[in-house]
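After this come two complexes, each holding chain A, first together with chain B and then together with chain C.
Take a look at the complex of A and B:
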């Protein structure tokens, strides 16, 4: 693996150079929000960010995308493709938790049985430059409880680690190595690697929030009808904030929109928190109340995903914990389940 | 405040022991520093969980409506003589009681189905303003002493005056004490000094040109991610099926088309005319920081200017858009 050292103040320049040849997504401060978005010409990323409010998954799995277009003609319906092909992109400054979300989403969207062309096209053309959390930014961070680490390179093509005076850049994959030319030619020495080891150990220690995420699956499976589910959802207002900010939530709904003879088929984000999510044409709803919906959200992340893909569908970023309007804390739910 | 909390717990315990309420909605301490979260209590032992402080932000009338309508629905197929009554207790400040008044005026439930534990209010902390005041730094620990917030962030200690981070709607609140109540805890709170400038921000906004106002509207709405947290938190938004969720026909597209989002927000805003109690719940729950209040407050001002009405401030003053007077100066009702 190639490893380089770069001066700290060189980073913005490097991003600028990459941006001349590829679309760069990076954290940007927009009013009071830090958003992960495409840099516009001359726009500089916000590099002192904690993490972005929206998850970088939005680039691969946008809130709304066109799957196909069609036109009604005298000869019948004519079909055309949906989105134009993806451009080469670089996602810069992805936090290790969010980079791990791509690994988890790949399991679903790019599996042997089903291939999602919309996701895969964008994913293959994107290079992920992750920025390690030398000091985990939030008290709500719990990546180490869900198989992550603040310095993990899982899902990243390049991992940047702040070593104080300089950044250590590790080119984890061949895709990442294509960016080598931007990073100068100061090779990292053993001292830098040792420093990184120390930083990694310290960073993991700084994570104070721990949940028994790996232990709850059998308990959940045995307690599907437990009265526990009767009360946890009570304060949930059934908005979609947790699912829409989540880096691993990936449920969508497909709708057709027509204007005169022109139509398009869209896939839009959907949320298991919404009553409409499972409502059937007959009017029947197999998840009639928020009780079943909350159980589904918890089970999907900590039981069904592990069952299907041997991985917990949570990266411990803490967004749902921080931004839930009513402080319905998934960490508490998982912890409470473990005590059932 | 501590004294109020103590009395609140005693009162809640008494109401539950005497079975005067079946369930009680209040606040308990949240899992994050400087937060409180809605809680539901059904036994007297749980009353000690209750808190009342400047971090209680939600308008709990939403839950009152939810609980009572769920109960009404559950009784629909029960023989009239076998139907059970359910009484929901609620810890309520001024705006919460305004929402309850509105629910009562709109015949959502009976006065005997809700027991109001009135609490004085001097405003709640706007979490987004607090985050902005800390320049985005993560709050590790925090406490409120008098009017001062002592906060420990990853970057160090910081003191913030409570006044600086109060929600805008609280700063200019005219009705910070309960309008109606069954039990009142503590003395009424003093009037909020900002109340006299209630419409100052709206007046500034009104001075802008139509184009400038539209530009502001479209800019704000472009932040919206259609999570519907605003609607879900709003006590006045209680339609069993919102028009955006109707599918036969489908009124609004679900994609990212800016006009679809604007239509959702515009329709919600217009359904709030004369029905918004300025509790700030929609603003406080919005994950993206959309300035919804600017538009709601403008509608509120219009209703006050035209009809002299403020939503939910008196049981005797019905919402202007759901009533009519024979001597109305506009005669369109006779000659449509």
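Take a look at the complex of A and C:
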């Protein structure tokens, strides 16, 4: 693996150079929020951020995207074209938890039998430059409980680690190596690697929140009908914030809209927290109350995904915990179930 | 990469109103491009998304059999936005078809066995596909005795009446059609499906039961088959759930870890026992 050292103040210049040749998405301050957005000409990213409010999955799986278009003809309404091809992009400054979410989403969208062309096209054309969490930013961070690490390179093509005076840049994949030319020619020495190891150890120690995520599946499975589920959802207002901010939530709705003779079919994020999500035309709803919906969300992440893909569908970013308007906490739920 | 979200263009070539209440119709769809028909190779028990641009999509079981080339048929009840739009359609209209989706009736497992088919109401569509497949030409030799119990609330609600008539004339299929309550013209059997199943009393010896119908029918029919000696491994059904993508991505049709759209819709009752009761 190629490794380089760069001076800290060189980073902004490097991003600027990359941005001349590809669309760069990076954290930017928008009013009170840090959001991932495409850098405009000359715009600099906000590099002292904790994490973005929105998960960068939006980039491969947009909140709303056109799947196909159609038009009215004499014969009826007919197909008029699919989605245009994605352009090459670089996602700069993705946190390791969010980078890992791409690996988890790949498992679903890029399966052997059923491939999702919209996701795959954008994903293949993007290079992920991750920025390690030398000091995990939030008290709600729990990546180490769900197979992650603040310095993990999982899902990243390039991993940047702040070593104090300089950044260590590790070029993890061939896609990442294509960016090598921007990062100068100072190769990382053994001292830098030793320093990174020390930083990694310290960073993991700074994560104070731990949950028994790996152990909880059999207990959840055995307690599907437990009275445990009867009360935990009671304060949930079904706003869906948890699922919208979640880097691994992938549920969507497909809707049609037509104006005069032209129309389009869209897919929009949907949420298992919503009553209509599973409601059938007959009126029957297999998940009739928030109880079943909460159970579904918890079990999808910690039981069903592990069963289907051998991976927990949670990266421990803590967004759902931080932004839940009624302070529901998935960490507490997983922990409480493990004690049943 | 073939885009699984883009439907094949098809044309409505025939519409049959199946029931007196006129809210169940069978639509025969022919592919606009011949090569699409080659790509749409299906097995009885699979379903497809009927796609109406401007309205949406609806997942419907395939009612025709692959032994009927040139078209695909769907029997649809008028219920929501898409199915209502479909019911407004006339012969010659173009629409979309996306699929085939899901697993299928386990044809290989049924081969060499006696097959008992139990259907209720309009949930007879993919069973009709299976029957037409099994009795077609040389296919018939691959299966043992075929027993069918099919019931509806009243004679006017029986679907595929012409085919029922034709099947009743064959000696290689034991057809038992029943209605909950007959009318003045009804000469056939009266009685609920579970009762009729008990009277017909198929042997569990080397036999499989394939059952589709309203939940209430299934609830009362299952014990009959357990009593006859059928095991949960030899009773098969097909589930329905709200679906969108049909390929296990959009996340709403799961029962436990299984997606009805791609891991189902066909399950044995032994398999369903292992799943959570979330449907």
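Methods note: the second predicted complex is superposed on the first by the 336 of 340 C-alpha atoms of A that agree within 3 Å, B and C clash if a C-alpha of one lies under 4 Å from a C-alpha of the other, contacts with A are read in each partner's own complex, and residues count from 1 in each chain.
The criterion applied here is as follows: contacts are C-beta pairs under 8 Å (C-beta built on N, C-alpha and C of every residue); 3 or more make two chains touch, one makes a residue touch a chain.
Just so we're clear, the structure is a prediction, and the values are computed from it rather than from any experiment.
Colleague: After lining both complexes up on chain A, report clash or fit for chain B versus chain C.
Modeller: Fit: chain B and chain C sit side by side once superposed on chain A.
Colleague: Once the two complexes are overlaid, how big is the angle at chain A between chain B and chain C (Cα centres, nearest 10°)?
Modeller: Seen from the centre of chain A, the opening angle is 90 degrees.
Colleague: Between chain B (first) and chain C (second), which does A:1 come into contact with in this model arrangement: first, second, both, or neither?
Modeller: A:1 sits against neither chain B nor chain C.
Colleague: Identify the partner contact of A:222: answer first if only chain B is touched, second if only chain C is, both if each is, neither if none is.
Modeller: neither
Colleague: Between chain B (first) and chain C (second), which does A:198 come into contact with in this model arrangement: first, second, both, or neither?
Modeller: Neither partner.
Colleague: Go through the superposed model and pick first if A:241 touches only chain B, second if only chain C, both, or neither.
Modeller: Touch partner of A:241: chain B, not chain C.
Colleague: With the two complexes superposed on chain A, say which partner A:340 touches: chain B (first), chain C (second), both, or neither.
Modeller: neither
Colleague: Would you sort A:33 into first (chain B), second (chain C), both or neither based on which partner it touches?
Modeller: First partner only.
Colleague: Please indicate which partner A:255 is in contact with in the superposed arrangement: first for chain B, second for chain C, both, or neither.
Modeller: Both partners, chain B and chain C.
Colleague: After superposition on the shared chain, which partner residues are touched by A:296: those of chain B (first), chain C (second), both, or neither?
Modeller: Once the two structures are laid over each other on A, A:296 reaches chain C alone.
Colleague: Please give the nearest C-alpha separation between chain B and chain C in the three-chain superposition, to the whole Å.
Modeller: 7 Å.
Colleague: Show me the chain A residues, by the header's touch rule, that chain B contacts in one structure and chain C contacts in the other.
Modeller: 253, 255
Colleague: Looking at the complex, which residues from chain C come into contact with chain A?
Modeller: Touching chain A: residues 1, 3-7, 9, 11, 52-57, 79-80, 83, 92-96, 240-242, 244-245, 247-257, 262, 276-279 of chain C.
Colleague: Would you mind writing out the residues of chain A in touch with chain B in their complex?
Modeller: Touch residues, chain A against chain B: 31-34, 49-50, 53-54, 62-64, 135, 137-140, 231, 234-235, 237-241, 244-245, 253, 255, 257, 266, 268, 271, 274-276, 321-323, 325-329, 331-332.
Colleague: Could you list, by residue number, the parts of chain B that touch chain A in their complex?
Modeller: Within the complex, chain B contacts chain A at residues 30-33, 35-40, 58, 62-63, 128, 131-132, 136, 138-140, 154, 223, 225-229, 231-233, 245, 250, 253-256, 284-285, 287-289.
Colleague: Under the definition above, what is the set of chain A residues touching chain C in their complex?
Modeller: Of all residues in chain A, those touching chain C are 67-68, 70, 73, 75-79, 82, 108-109, 111, 113-118, 120, 224, 250-256, 258, 263, 265, 267, 270, 272, 277-282, 286-287, 292, 296, 299-300, 303-304, 307-308.
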